[in-house]
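Two complexes are shown next, each including subunit A; its partner changes from subunit B in the first to subunit C in the second.
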Partner chain A sequence: MGVVSVHQYPIPEGKSGQQVIDHLVKCLETLGATKTGTFCVDCETYYSGPNINPSRVLNIIHNSEHPASCFALLDTGTCLVCDTNFDQLMLTMSGLYHSKKSTKMESKGTRFQLGDFIVKVGSVSIGPSFRGILIEVEYGPCVIPNYCWDLMKEFMGGFMSSPRDPHQYLQGKMNDIFTPIDTIQQYNDHFNSIRKSTAAATSTASTPTHQSSSGRSTPSAGIAQSIPTKQ
Partner chain B sequence: MNLESTRRSAQQEYILQGSIVNDSCEILLHRLRGLCDNGDAAPETFKDHEYVYTIRQPNGQPLTLRVRQSLEKKDYPWHLRYLGQPEIGDKNRATLVRSCIDVACSSNICTFLSEMGFKLDYEYISKGFIFKKGRMKVTVSKIFRLLPPGNVNTDEHVSQSYLVEVSVVAPTGQDALAEEIRSFAEQLKPLVQLEKIDPRRLQ
Partner chain C sequence: MADTINTEAISGGLKAVKIIRCLVRDLFELLSDGTNFNSSSLSNSENGCISSLNAVGGGNAVAESKEDQFVSNLQTIIASLNSRIRELESSCTLLAHSSSQISLNLGNSALLGQDPAFERSLIYSSMITSYRWCDKMLEYATHANTILSQNSLKRSHFNSLTNATLAMNRSQFGQPVIYRRKTMGHNYSAPQVDTLCHLFQRHFPDMTLEIVRPFGANAVLKITLERVLKAVIVLRGFIIEWIMVKAYHEEFEVENKYNHIDIWSESRYEVFRKVTNHANAAMLHFYSPLHPDLAVRSFFQWLHSYSSLFSKPCRKCECRLQDNLPPTWRDVRNLEAYHELCRP
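And now, the complex of A and B:
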């Protein structure tokens, strides 16, 4: 694998998620990208029971790009890479760590290939409800983010307004060899921020007096681009 | 490809255990070389460091997980193992049966388990030989204490004998395997008497 950068794509007002995705797909196809299947990154969150002190949150993430692996991320930052039997192990720990089915998130959609780049346009959902769009761009021939970031940025500019900076997590690892864990960490951060903004929106809707909590902006709000100008 | 069904498929371990004194171990190894696959090659050796982690569940029962690292092949993945309660069964059941989950994992597993709330209970070194016969795995190994703590090059063995185990890990319900293991164990008599050993009765 090469270097992967994951970005949240904001949905302009008045547009539905599906409309934005259709537009992105059209842009990519116009650029000459070919569909190479589908992908899915899913995340299940487990919370520690009362007898575990300090309490912990464990995110179990699977990525269809690494179908035999399972990534277990603790809120301490430790990421365990293991095979998918770990899911079964989590069932035996049901008394210690329990998951809330309603918090299961996934980003799924179409995978495109364009030369050395792989682009994945994913629609993010929590249970049945749509929550946003995540775009994953991978540049295959390089493993050091610093060496190819400018190229990736320019490439992204072709179908979305390019982000100014890499994802915050990647910024600290620009000169390190990129690993599949780095992709998962980016997804985890995005999932957490989408989850938080959803929770904030829900709490604002139920208690209109707490307006300050709704003012959270998405990390990549700067990459918004008006759809009509792109056509 | 149905990943979900692969993830959920439960595995069980069918196992018989026994021991042999040091002096007779060489004869057993010869016998195993004759009985098992790849008899023309020298027996495969292993030296593993096993860490045993436990955590108390809300119902008061401890949950134990075992972590193994190969000291001979440092680049191999670490191995995390859950073993369920052993079922002895009646006289008709030939082997001990216990549910078993094997997970290959990255080397930060010990940190990961500690952060999850598990406590390191004990650790030891297991060193010996491994044979295969079809789906069966036969190990002849010696257990060493880590003395002083952390010293993996210890020669502080626990006893004057070797632990002998014959096991198969298979999906649930393949009870015919138990018979296969029993008939194999018969061929090792009278050198070693392999039995269903309930660890709860040893405590």
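And now, the complex of A and C:
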């Protein structure tokens, strides 16, 4: 497990998500990357029942890179890594935590290998609707983000506008050994910000016309706001 | 010699062909001009048939004198044509003779040139390519030989020359002479190696050294350099025999086998495979049988420079990546980082 950095890729106006992904894939293939299969990171959100006070939000994330594991992230920042059997356990705990199927998010796409780098171009969707593009870049040989950040930045500059700083979550862990949880935390943050931006977009679009739909969007907006305060 | 005969025959033949063409043109001109007595003769002359031309004659007296002149002209032209054709034939035989001489020089391969399906089979062209390749290989081998004879990378003093003298000594004195090897870095005792390793450990605090002896007296050093890489160095006495470099999170231990070190399997990352190659080259560079402790010390200093493997840009191109690899080579003198292709 090397160092992983996840970034949101902006979609320019007048272009569809698929067009941008096709362009990215073309760029990577021109650089000499080889396709090494597909990947999927999915996130299911559970809300605490009335007997848990204060109310909590639990995100259950699966990563195809770790197919036998399941990551449970509480909005306090606590992360639990367990076997995939945990999904069944959550069903039995439906009294404590209940899921909302419509909020299931996933980032799905192709996995590319370019030397020691692994690039994953994923399209993020909530249910059937497309929400954005997440690019995951992994550098396998190194385990300390601080050692190889400049290297990764240079690599990312080859096919996308390279970010100036590492992800906010990673900044606090630059000199620690990178773990799979750090990848999941980055995905969680990105999923939350995407959810927040969609919620904001739907609430502004729907407030003047439908009172009921704006009411539906408030819980998710509330969750998204609660998460940055924890970090 | 063969070449001059060849060109003469060719020029003679070409000249003959040229004259023959001129003569044939003259002949046809004569045939078309000289027989404009009647339409039938013209048509005959155009066919160029001499026998029919002779048959055309036999008109009035004026026509007869004209006809004689015409026939004599025709005869001279045909005679000169004949002589030129003979000339051409002789030069052709000369050419055939010279080409057979060339085939002797080329050997059997010249027969390929006479292949009727020459353009369809690519044997001749591929043969030429392979000849060229052979020449190049010979050239490179000669260069390599001169370079390698200058920088001897031999790690043993026991060569064929000393073998020969040994054999001679035996034959002269009738009893075997005990060949005493020079003192080299390999005959160091285990405690000596241990003390030197502890000394290195103190000198490089960010490099952890672990000494294990799975192969008996000879030590195997397990090195962890910061949180960048792990390496295994197999020593024979104090001579470095083998190096394998892997990533910090890769293991040398074999699962379920206690005290078993896997010194053979390579890293799964390209960077560390490259570093292993460079480390083996550096091992040969620093090899010094007379001062083995100094050699190992300089090698360790060189290996220690890899602590900045991922963070140091290349000295020459000032970039971090080349072919998706960081600068994997370190200068053996000043320990500067370079990409493999940027090496000075």
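Quick note on the criterion: the second predicted complex is superposed on the first by the 207 of 231 C-alpha atoms of A that agree within 3 Å, B and C clash if a C-alpha of one lies under 4 Å from a C-alpha of the other, contacts with A are read in each partner's own complex, and residues count from 1 in each chain.
Heads up, the rule we're going with is that a contact is a pair of C-beta atoms (placed from the backbone, for glycine too) under 8 Å apart; a residue touches a chain by one contact, two chains touch by 3 or more.
What you see is a predicted model, and the numbers here were worked out from it, not measured in a lab.
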| item | value |
| --- | --- |
| Partner chain in contact with A:Ala201 - subunit B first, subunit C second, else both or neither | neither |
| Touching partner for A:Arg56 - first (subunit B), second (subunit C), both, neither | first |
| Touching partner for A:Leu89 - first (subunit B), second (subunit C), both, neither | first |
| Touched partner set for A:Met174, first subunit B, second subunit C, both or neither | neither |
| Which superposed partner A:Asp116 touches (first subunit B, second subunit C, both, neither) | second |
| Which superposed partner A:Val81 touches (first subunit B, second subunit C, both, neither) | first |
| Touching partner for A:Val143 - first (subunit B), second (subunit C), both, neither | second |
| Between subunit B and subunit C, more extensive residue contact with subunit A | B |
| In the complex with subunit A, residue positions of subunit B that touch it | 1, 3, 6-8, 10, 55-59, 63, 65, 80, 82, 84, 101-106, 108-109, 111-112, 115-117 |
| Partner subunit C, residues of subunit A touching it in the complex | 1, 114-117, 140-144, 147-148, 150-151, 154-155, 177 |
| Of all residues in subunit C, those that touch subunit A in their complex | 227-228, 247-249, 267-272, 309-311, 313, 319-321, 323-326 |
| Complex contacts: residues of subunit A adjacent to subunit B | 48-53, 56, 58, 62, 67, 72, 74, 76, 78-89, 92-93, 95-97 |
